[in-house]
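Multiple structures follow.
Two complexes, one shared chain (chain A), two partners (chain B, chain C).
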Partner chain A sequence: MSVWLALSPLLAMVATGLVAMLVDVLVRSPASDADTRGDLAIITTVGLFASAALALGLWGSGPSVALPESLGGVVAVDRFGLFFAATIGLGGGLSALIAGGYLAEHGIERGEYYPLIAFSCAGAALMAMATDLLVLFVGLETMSLAVYCLAGFRRGSRKSLEGALKYFLLGSFAAAFLLFGIALLYVLAASTRIAEISEALRGAAGSSPIAVLALVLLLTGLGFKISAVPFHMWTPDAYEGAPTPVTAFMSVVVKAAAFAALLRVLLVAFGGTALGASVGWPQIVAFFAVASMSVGNLVAIWQKNVKRMLAYSSIAHAGYVLVGVLAAWKGAPEGRAGVLFYLLSYTVMNIGAFACVAYFGRRDAEAVHTSDFAGVARQHPAAALALATFMVALTGMPPTAGFFAKLYVFRSAIDAGLWPLVVVAVLNSAVSAYYYLNLVVTMYMRSPEPGAPVAQPMRSGAIATAIVICALLVLHLGIWPSRLLSMALEAGW
Partner chain B sequence: MTAQYIPLVVLLGVAGVLVVTFFLLSSILGKKNMTPTKAMPYESGMESHGAAGVRPSVKFYLTAILFVVFDVEAVFLYPWAIEYRSLGWAGLVMMLGFLVVLALGLLYVWKKGALEWE
Partner chain C sequence: MITLGHYLVLSVAIFTVGTIGFVVRRNLLVVLMSIELQLNAVNLALVAANRFHPASHAGQVTAFFIIAIAAAEAAVGLAIVVSFFRLRHTVRTDEADRMRH
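Up next is the complex of A and B:
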């Protein structure tokens, strides 16, 4: 197979970005009212969905597509990478679709948004396919630099700028940690290829203190990107300040790519090494998981702002996924598949939730507080039903994607003997029901304060389409999960 | 294997002690004769004007970033030019792809007006 075809999901994302960039400067004229046509949103959504489709198209060509020697083994087009590329393409496309309605409504429709989303997706997919730590780092930076710009996309807003600056400063700091960890692994293995590092770590280098230090630095760098506690401080501010479609993008695509990198680094580079078998670092990951779940859920209860609530909820979900990562590392056969399925489910349900939040927000009247949602069920039953579905899914109740996602992760954790973690996770899920369902109760059972305006949805076909796609996928994954679960089980490297 | 690093630690320790000692000695023994001229911030011998917190125009930043882009392009072109023959057609196609992407970027910044100084 030609190298172009093998890398087509990545190339399609880059091409989407280039096309959107050119359309922005060549077709759009700055003075006209062309800004509201949504042409860029359509191009980007179609392009990113097409790259997801290309990734699925390559699925049939075996567990791993052979690449020519000239690429030097720095990327692998394996089913693991393809699963993530498809998830990332889906998440990026949905985020562009929401932006099509949101940016125009709020008067920040500038063309840069769409190429940045597409390039960021390409970086994220490269991270998931990288088998060389330097290529992984290039992917991470390609993804992150675009997201830093996007987080501050609402230039006139202090909150947006504050969140973007925090994210940028802490993010570049975390990237430096990651790079230092890579450098230390190079010291040990004289290579940045994950396979060769794994070989070196199985030998004498595995017991070196430098390996421990490298692992700690890598966990710090990637822990920041998945916003695991204690590296989560930027999350609420960046999520609240960023425009809602960007928040949706950050919470699913960036997180999925960082988990892909984490899985490859932990399971391939450090799997089966002396360091991996020692008691030390699995406990560190377990600590991250417990802290992320507990802090995320307990703080989310107190949030009045829906975007901040979803930010803390995304921290908690990072904790649930880390339970799955740990189970996979402990050798549970379905641990990795559980993580993949969880990230796919989280992508559709969380983007759906953010799409609904974006939908209930006319210009200068965004519904941001939980109380703004009082009584919307009576006036806008369809949108309220969709938001309720996503909340139920995020809680983890059937018949939605969230139920099976949690079920598979927790079951593989029990298989791996991690039942204390599962107990914590289940208790946390119960806690999370409070704030997720609180929003549903507010929508359906409370009436707005006398005189207070009921949240007005914007008339946007793009956002409505995104909500419908997400809702159908959430229900599909919750009722017929077997097909995608078996794909997740096949997704090896 | 850590034993080989002991001389390094000793070197760091000696260097640190020396620095601290010299600074302490000069601050204890040295004469202090402060004049307004000495208290001025040093700007390569020029007299300083205005506050330090001047906001430079974003244009400088744009120019600098464009410079970095094309600088990196040159960095990629040199090794390719040296290995030009052995890389053959595949290398030429790859490099053309790289240049086309950069050219599209140049077109973009041009149309956006990032190259206009006024």
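Up next is the complex of A and C:
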């Protein structure tokens, strides 16, 4: 198979970015012409969905597509990478679709938004396919630099800029740690290839202090990107400040790519080494998992701002996924499949939740507090029903994607003998029901205070389409999960 | 005789200075410089290690990529700092407290 075809999911994302950039410069007329601007959102969405479709199209060509020698083994088009490329393309396309309605409504419709989303997706997919730590890092930076810009997209807003500033500073700080970890692994292995590092770490070098330091640095760097506690400080501010479609993008695409990198680094490079045995990264990751679930859920209860609540909830979800990473470490193929299925489910349900929040935000009347949603179910039953579905899915109740996602991760963790973690995770899910369902109760059973602001939905076909797609996928994954689960089981490296 | 260990100790020392600078200083420009210091410590480690692993040039190539990425990062970072300065007329990190409840 030609190299162009093998890398087509990645190339389609880059091409989407380039086309969106050219259309913005050549076709669109300046400022006044607001109607043409929806085009860019549609181009980007179609392009990113197409790259997801290309990734699924390559699925049939075997567990791993052979690449020519000239690429030197720095990327692998395996089913693991393709699954993530499809998830990333789906998430990126949906957030571009939300942006199509959101940016116009809030008067920040500028063309650079869409190329940045597409390039960021390309970086994320590169990260998921990388089998060389240098390429992984280049992918991470391609993804992150675009998201730093997107987080500060509302240049006139203090919150947006402060969120972008904190995200940028802590993100670059974490990237430096990740890099130092890569450099130390190079010192040990004389290579940046993950396979060769794994070989070197299986020898005597695997228990040297340099290897320990490298592991800690890598976990710090990737822990920031998945926003695991104790590296979560930037998350609430960046999520609250960023425009809602960007928050949706950050919470799913960036997180999925970081988890892909984490899985490859921990399970391939450190798998079967002294540091991947009974004493090593599994203990650290278990600590991250428990801390992320507990802190995320307990703090989310007190949040009055919906975006901040979803930010803490995304920290908690990172904790649940880390339980799956540990199950995968125990060698169960179901463990890794559970992680992939969870990230796909989280992509559709979380983007759906943010799409609803964006939908309920007219210009200068954005619904930010839970109380703004009081009684909206009576005036806007369809949108309220969608938001309620996503909240139920995030809680992990049937018949939604969230239920099976949690079920598979927890069951594979029990099979791997990690039941203390599962007990913590189930207790945390019960806690999370309080704040997710609180929003549902507010929408359906509370009446707005007299004179209090009530959420006003905007009229946007783009956002409505995104909500419908997400809702259908959430229900599909919650009722007929078997096909995607078997794909996740096939997704090896 | 200067060994790889010497280079690594120096690299860790520079990286630590950068880390402390990032944590302690409140001026955004100094914080950006601290990040650059960290990245250059990484470059030093990579290039020195390549000297002792002469079979390939992977370390030096990685250092080149890091230099390019650091430039891109500085461009984005300074753009965010300039936007922040326009709104707040300050480059101090402790002034970015709008969302602290």
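Heads up, the rule we're going with is that the second predicted complex is superposed on the first by the 485 of 493 C-alpha atoms of A that agree within 3 Å, B and C clash if a C-alpha of one lies under 4 Å from a C-alpha of the other, contacts with A are read in each partner's own complex, and residues count from 1 in each chain.
FYI, contacts are C-beta pairs under 8 Å (C-beta built on N, C-alpha and C of every residue); 3 or more make two chains touch, one makes a residue touch a chain.
Here the structure is a predicted model, which means the values were calculated and not measured.
Once the two complexes are overlaid on the shared chain, A:Asp78 sits clear of chain B and of chain C alike.
Once chain A of one complex is fitted onto chain A of the other, the partner contacts of A:Leu18 are limited to chain B, with no touch recorded for chain C. Of the two partner chains, chain C is the only one touched by A:Val187; chain B is not.
In the superposition on chain A, A:Leu26 makes contact with chain B only, while chain C stays out of contact range. Legend: residue contacts after superposition of the two complexes on their common chain; A:Gly152 is shown touching chain C, with no touch to chain B. Looking at the shared chain after the overlay, A:Ser70 reaches chain B, while chain C stays out of its contact range. Residue by residue along chain A, chain B and chain C are tallied for touches, and C comes out ahead.
Judged by the touch definition given at the top, the superposed model places A:Ser208 against chain B, while chain C stays out of reach.
Within chain A, no residue touches chain B in one complex and chain C in the other. Against chain A, the residues of chain B that register as touching in their complex are 1-2, 90, 101, 104-105, 107-108, 111-112. Touching chain B in their complex are the following residues of chain A: 14, 18, 21-22, 24-26, 70, 208-209.
For chain A in complex with chain C, the residues that touch the partner chain are 134, 137-138, 141, 145, 148-149, 152, 155-156, 158-159, 161-166, 168-169, 172-173, 175-176, 179-180, 182-184, 186-187, 190-192, 210, 236-237, 240-241. Note for the complex: chain C touches chain A at residues 4, 8, 11, 15, 18, 22, 28, 31, 35, 38-39, 41-42, 45-46, 49, 53, 55-56, 58-59, 61-62, 65-66, 69, 72-73, 76-77, 79-81, 83-84, 87-88, 93, 96-99.
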